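Mind looking over this structure? Questions follow.
Chain naming follows the written order as A, B, C and D, and within any one chain the residues start at number 1.
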Amino acid sequence: MIALLARDLKLSVRAGGGALIGVLFFMTVVAVIPFGVGPDLNLLARIGPAILWIGALLASLLGLDRLFQAEREDGSLDLLLMQETPLVLTVFVKCIAHWLATGLPLVIAAPLLGLFMNMDETAIAATTLTLLAGTPAITFIGAAGAAIAVALPRGGLLVSILVLPLAIPVLIFGVSAVYAAIQEPAPFLPPFLILVALNLLFAVIGPVAAAAALRLSSD
Amino acid sequence: MSEPSLAIRKFSDLANPTRFLALVAIVWPWLAGLTLCLFAVGLYLAFTTVGDYQQGETVRIMYVHVPAAWLAMMCYTVMALSALGTLVWRHPLADVSAKAAAPIGACFTLVALITGSLWGKPMWGTWWVWDARLTSVFVLFLMYLGMIALNRAMDDPTRAAKVSAVLILVGFVNIPIIKFSVEWWNTLHQPASVIRLDGPTISAEFLRPLLVMAIAFTLLFFTLHILAMRNEILRRRIAVLRRHAARAAGREGDAA
Amino acid sequence: MRLVAEGLSATRGEDLIFQDISFEIAGGEALVVKGPNGSGKSTLLRVLAGLLPAESGTAKLLAAPHPVERLGEACHYLGHRNAMKRELTVDENLAFWKDFFGDFPGDAGVDVDEAVESVGLGGIAHLPFGYLSAGQQRRMAMAKLLVAWRPVWILDEPTAALDVAAETMFAGLVMAHLGRGGIAIAATHQPLGLDGVKELRMTGFAGVAETVW
Amino acid sequence: MSHAFYVTASYIAAFSVSIGLILWVWLDHRGRHRELERLEAAGVRRRSARTEDAR
């Protein structure tokens, strides 16, 4: 399993890997927002957390379609399916590798973009923390969508369409946790704990569903 | 100065990468030494001049910020010239040059952004304002990153070079438009109270260290650029050798 | 150890690809599946590997050193695609599969260098897989069969892209595998150069399946 | 925070990014050089077989 993790990480940083693209997309999307809404620093500070979250959500969906498609194209998927190792575990490890390569850079880039959005220290810390807790959930639930779309010739866009509605709860609790941290009366912990719970739940549902979909779509 | 001679040779009788490598081996220690000396002088000057009465000590940030911003633009110009070389003269070194310049340009742009932000915090009280100049530099930074990503996404280097040459030129043509529209957008929104970067005209006292630092940074860029080009040439050579190796092994396999 | 298939049939979409196929292979024996294009050779192999569900019938490995739930766990499957990553070197690819497969109880796979030597391509394992020619890539995919032990080899057109020398080499590998008590099932048009093998002839399209529609 | 802090911070930032660049170029060169040597050790040579220029 460590071997699979190491291989996927290696593939994502080698030439042609997608590790850089996601974070670049994230930066571009967030950078474009002020051109739309205007450089009003107070307004940007107010909507900053939401924009960072939406940007991170879109960016983490970006490379998701390749998660199983690449394995299928060169025939590796067949061999992964045949082994004694439970397929759920294989999918889980692939999700972890994918998150480390694409999700974690987003979390690291978030504080910098927070500065561009003129957010204060609390807001930046809260956004980074919630992204750290929330982006794995997006990857896990996205894996299910990627597995469902794996057999389609042009599944890339479809994955986003399939997964976005499923990721709405993550977005809701992620953003509301950040706003709870900034605005005084609302407590931070309840939405954040729900976010963590969602993460754990999706860590189970996602791989199980993805494994089932992969078995069924094999032909 | 070794700089002009290199430029002349680079474009005239240096079609051959091997010749280029030989030249780099001679030139780069001198260039690096000169860069080091200039940096020593520049840093000495930068820390001995008195501070500006308005901006205080922070004026010293200018000595790294302005050269980095200058390099960010110059590097893009170098890339645009290389892109022309790739597309028009099909010079084999031109695409190597463009590819090697992208990460260096991105790094200097990053320095310009960071130092600009560090300058802005004590001046404006915030790390970042969507000032026209800063924003344009940020857009330039994104363009550099996009270029690097494009180069990494394609595994055939010569094809990647041609495609990214087109992108570089499109970007180069677009830069004035982007700059103009960002400025227009900015004046549309910007409240007049924000202090602009230019401030009072720079007096000769600041100009001297600034010039020395700018030349030092430029030389640093060229040193790094030719060394990065050398790496890129070696990388391509390795790729060719590997293909040779694979083919040679095939022939032996048939003979056996 | 015996591989027993009883009354296998499989469908693709509405078509019944084959029906009621039964055979039995003991350790050390090979089965060559023959038949015209579209007769269901590949489908049969994928059913045996557990990649497609069988419409009816079973395939089991009996008297194996380690009881298996699914036949696929005891199998190597060499399909049309090589299952190697172009970006990684051959060494990295093979080391990954060796680690990921693990050995089936009863025997052990050889290490990566030795496997590369056995397919006759020693010395270029440090190259990225994408740099190799089609034939070399195929041979490296065969080296994958050697790095981890599996008693059953399922081979789908294994020598399609290979020249005569490589075919002979591959026949040698299969014979060595049979000599260790393994089982090989191969679908092929070409004669594999194996002696003393069982043959299964697929007749082709078996009709339209009875459906609920 | 004092202005000196911002000045030193920006010099440190510029310095570390430059060092990072130099390090990248140097490590890249060492890696490529080693690969080339390994290839040559394996008997793969360019037809013009000029190896000194690789340094």
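Keep in mind that, in the parts below, contacts are C-beta pairs under 8 Å (C-beta built on N, C-alpha and C of every residue); 3 or more make two chains touch, one makes a residue touch a chain.
Since the model is a prediction, treat every value here as computed from it, not as a measurement.
Touch-path distance (fewest steps) from chain A to chain D is 2. Two chain pairs, B-D and A-C, are weighed by contacting C-beta pairs, with B-D ahead. Each chain gets a centre from the mean of its Cα atoms; the one farthest from the centre of chain C is B. Among the chains, the centre nearest to the mean of all shown protein C-alpha atoms is found for A.
Taking each chain's centre as the mean of its C-alpha atoms, chain B lies 16 Å from chain D. Put simply, the C-alpha centre of chain A and that of chain C have 37 angstrom between them.
Between the Cα centres of chain A and chain B there is a gap of 32 Å.
Averaging C-alpha coordinates per chain places the centre of chain B 53 Å away from that of chain C. Residue numbers of chain A whose C-beta contacts span two or more other chains: 15-17. Taken residue by residue, chain D touches two or more other chains at 42, whereas all remaining positions touch fewer.
With touch defined as above, residues shared between interfaces to two or more other chains in chain B number as follows: 155, 242, 245. Listing the residues of chain C that touch chain B in their complex gives 86-87, 120-121, 123-124, 127-128, 130-133, 135-136, 163, 165-166. Across the complex, chain B is touched by residues 1, 3-4, 6-7, 9-11, 13-14, 17-18, 20-22, 24-25, 28-29, 32-33, 35-36, 39, 42, 44-46, 48, 50, 53-55 of chain D.
Those residues of chain A that touch chain C in the shared complex are 2-4, 6-7, 10-11, 14-17, 73-76, 78-79, 81-85, 218-219. On the side of chain B, the complex with chain A involves touching residues 117, 126-130, 135, 138-139, 142, 145-146, 148-149, 152-155, 182, 185-186, 188-190.
Residues 18, 21-22, 25, 56-58, 60-61, 64-65, 68, 103-104, 107-108, 110-111, 114-115, 118-119, 121-122, 220, 224, 227-228, 230-231, 234-235, 237-238, 240-242, 244-245, 248 of chain B are the ones that touch chain D when the two sit in their complex.
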